Amino acid sequence: MLLELDAVSKAFPTRGGPPARVMERVSLEVRAGEFMAVLGPSGCGKSTLLQMAAGLLPPTEGVVRVLGRPITAPPPEAVYVFQQYSRSLLPWRSVRDNVAFALEHRIGRRAARAAAEAPLAQVGLAGFGDHYPWQLSGGMQQRVAIARALAAEPALLLMDEPFSAVDALTRLDLHALVLEICARRKLTVLLVTHDVEEAITLADRIAVLTPRPTTVAQVIEVGIDRPRDPVATRELPRFLELRHALLERLMTRHVG
Amino acid sequence: MNITRRATLALPAALAAPALHAQAPTKMRVSVIPVLDVAPLHAAIREGYFAAEGIEIDTSTTAGGATGLPGLVAGQFRVVFSNVVSIMLGVREGLPFRFVSGASVGKDSPPDILALLVRKGSGIATGKDLEGKRLASNTRNNIVWLRGMAWVEKTGGDWRRVSTVEVPFPQMADALAGGRVDAAIFSEPFVAAALETHGDRLERIGWPISETAPGGTNAQYVAMAEDLAANAELFDRFARALHKGVDWVNARAGQPALLELIAAFSRVPLARLQRTALPAYPKGVTPAELDTLVATMQRYGLTGSYPASAGLIHRTARV
Amino acid sequence: MRAPTSGTWLVLGLLALWEASARFGWVDSPNWPPVTEVLRALWQDSVTGELPARVGGSLYRMAAGLLAGGAAGVAVGLAFALVPLTARLFGLVVEAVRPIPIPAVIPPLVLFLGLDDPMKITVVALTVFFPVLTNTMQGVRAVEAEALAMGRTFGIGPWRRAACIVLPSCLPYTLAGLRVALGLALVVTVVAEMIAGEQGVGSYLVLMQFAGRAPEMYATVLLLAGLGYALNRGFVALEHRAIHWWFAMGR
């Protein structure tokens, strides 16, 4: 098991009142090489879950394990891709130097710069190394963030609604990119999203969360063969069936 | 604390001084004001009298002398040039100032280094006329102010009924001509400057020194008693060099060479200096002049108990 | 270069008004010389080398104070913002010292540091310290949490995170504080030089005031105005180079 959340709960202190429990005994297992999506309504604490998985936030109760090892700090195997790419990219660094930032502290600036070219090419940004992030579109900026994550050659990629801030077409482009990268590298991915179609398109399994206090309602096998095409996949009967079921589930949850 | 540290550091140097003249001059920092009174000091520096005594003088100009005496207490200066009233007020508060040398006294007859100016046509001619009026002095409770109060009384006025306004010398002529004050006590070279530029509107009505205390004391050089005790020999050399400077200045009274010297250190234009009254430059300080001064100070409200004058005069000033 | 702006015309107009008011006796005082005479005095004392030497000395003291106060402001600002314990320990001291006007701290500084460069540079450094401190702290607060978390997930240590994420991202704030401090620093340098000593523009100003040489006094004033303007322009140019990204992002 690459990543394991074992009965993890999280409570945040409130002013005056009792602590607010946002997450109640969530258990989740992500196997090596698997793409798992965590799907839940807005505000259900998806990001909190991912930050605990990344070692950025300590759970109130329960344990997070990476390769069987309990973690208290960001584990070297994992890299995080943030929703707000514009905030996680460093505006004073060029695109190349942003990607190199993932490696500099390990292999030195010069080697890191050289090593930045391949991931940049992989995300389709060859030739953009000298640009600055703020000169690029939102989709391109998120590609830079993905290239930076890939540069660190992680075993585990944690993605926090990474495509929610870009337009629909760009999102499809990025889906294609992620599918291609996962096909090429044996990456394990935990993706948090509220987008049902995105979850089905990308994931092998989907964990559906309940509203607060969050628990795992259900884990669903997607069962669509790879390689997948982000456009064609959406027309498959299995896709439509899953979409229907998941939307129904999330919406009735809302109403009920 | 600073002073004792300085003194102990300076002591061995002073003892060894005669042998070391050539290679290691003793540095002495002297606080001065860029006025006519310090001409002998600059003469002694320029003529090499200090160098000949193995002393290197580092003058530090302070605006109005406000930092001079406090700086002496704090150990920033070895010697401070200051007006006698400020010195005696410090002595009254128990500060161990000792007179190292005289610097300037008024002359027996006009022209004085101080003058009282009013606007032409103001009708003010005596101290009596000044009652209820505004009189400018550069500072309250200094020698300029004291001589001004004495003049008010001498000419029939009640000094308590004259309100003193502090105006720096450089701004006095404008303040007076502009009607912001009714009269002002100027010191040279600001008297000459005011009459030069505002002569059509201002006129002199009094000579505060020669009319109240001819030849009256004005300013001196002082040092700290502990420093003098510990480094008596150094101060002997200091005074010797300074007094040679006094001789140089006195020998050239009224000559262009003196005015050129003053113009060089004070930057006052030479043409103005030619119309400027100079003080007399004494070497010593006498108990009598201090006693007279203290009596004057007591009379004009600077009351209190002052120590005996004779004990304040270091041997270098008993000439 | 740009064509003269309305601002330039205003300055030229004011100078012309100055000249006329002195020439035609609208303001009749030796302390109000015509601007042409002021410029002549400026020229004369410049070619003798006196003013350039004094300006150089003042600039040196100002630069030393800026450097010392700026470095201290950044260091303390970072410490306060990143290590809450330091803020709890020293925050009160800093807040208590901040509102004291500079003239009030000069006497104790003279007592402890003397009248020479250490005192003058310290006065400048103190003036510079507070705006830089405040702005640096504000800058640290503005550092993106995502950027810091990003650094953590890549396994970058706290020192490197401070140097490579916190410092660059609060640089625009620190530089803004430094720009404010620059204007104050020149003023305070001159004031400190007026207290005592024979060096610098401040001492020249006192000397010329006592000598009753108004043209030289105003020459100094003009010089300081020009110097302040040039320093600010130079700093802004430098700032645009150092944090071009900040301006490019339209912040």
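Order of writing sets the chain letters: A, B and C. Residues in each chain are counted from 1.
Here is the rule we go by: a residue touches a chain if its C-beta (ideal position, glycine included) is under 8 Å from a C-beta of that chain, and two chains touch if they have at least 3 such contacts.
The chain lineup, named per UniProt: B = ABC transporter substrate-binding protein; C = ABC transporter permease subunit.
Just so it is clear, the structure is predicted and the values come from calculations on it, not from any experiment.
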Remotest chain, chain B as reference, centres from CA atoms = A
Would you identify the chain whose C-alpha centroid lies closest to the centroid of all protein C-alpha atoms displayed?
-> C
For the pair chain B and chain C, the C-alpha centroid-to-centroid distance in angstrom is 36
Between chain A and chain B, tell me the centre distance in angstrom, where each centre is the average of that chain's C-alpha atoms.
-> 83
Distance from chain C to chain A - Cα centre to Cα centre, in angstrom = 48
Under the touch definition given earlier, write down the residues of chain A that touch chain C in their complex.
-> 51, 54-56, 73-74, 76, 78-80, 82, 84, 87-92, 101-102, 105-106, 132, 134-135, 152, 158
Tell me, which parts of chain C touch chain B in their complex?
-> 29-31, 107, 110-111, 114-115, 194-198, 203, 206-213, 216
Can you name the residues of chain B that touch chain C in the complex?
-> 2, 31, 33-35, 59-63, 67, 70-71, 74, 76, 168-171, 173-174, 177, 189-190, 193, 196-198, 266-269, 272
Parts of chain C lying in touch with chain A, wherever the complex brings them together | 144-147, 149-150, 152-157, 160, 164-165, 168-169, 171, 243, 245-246, 248-249
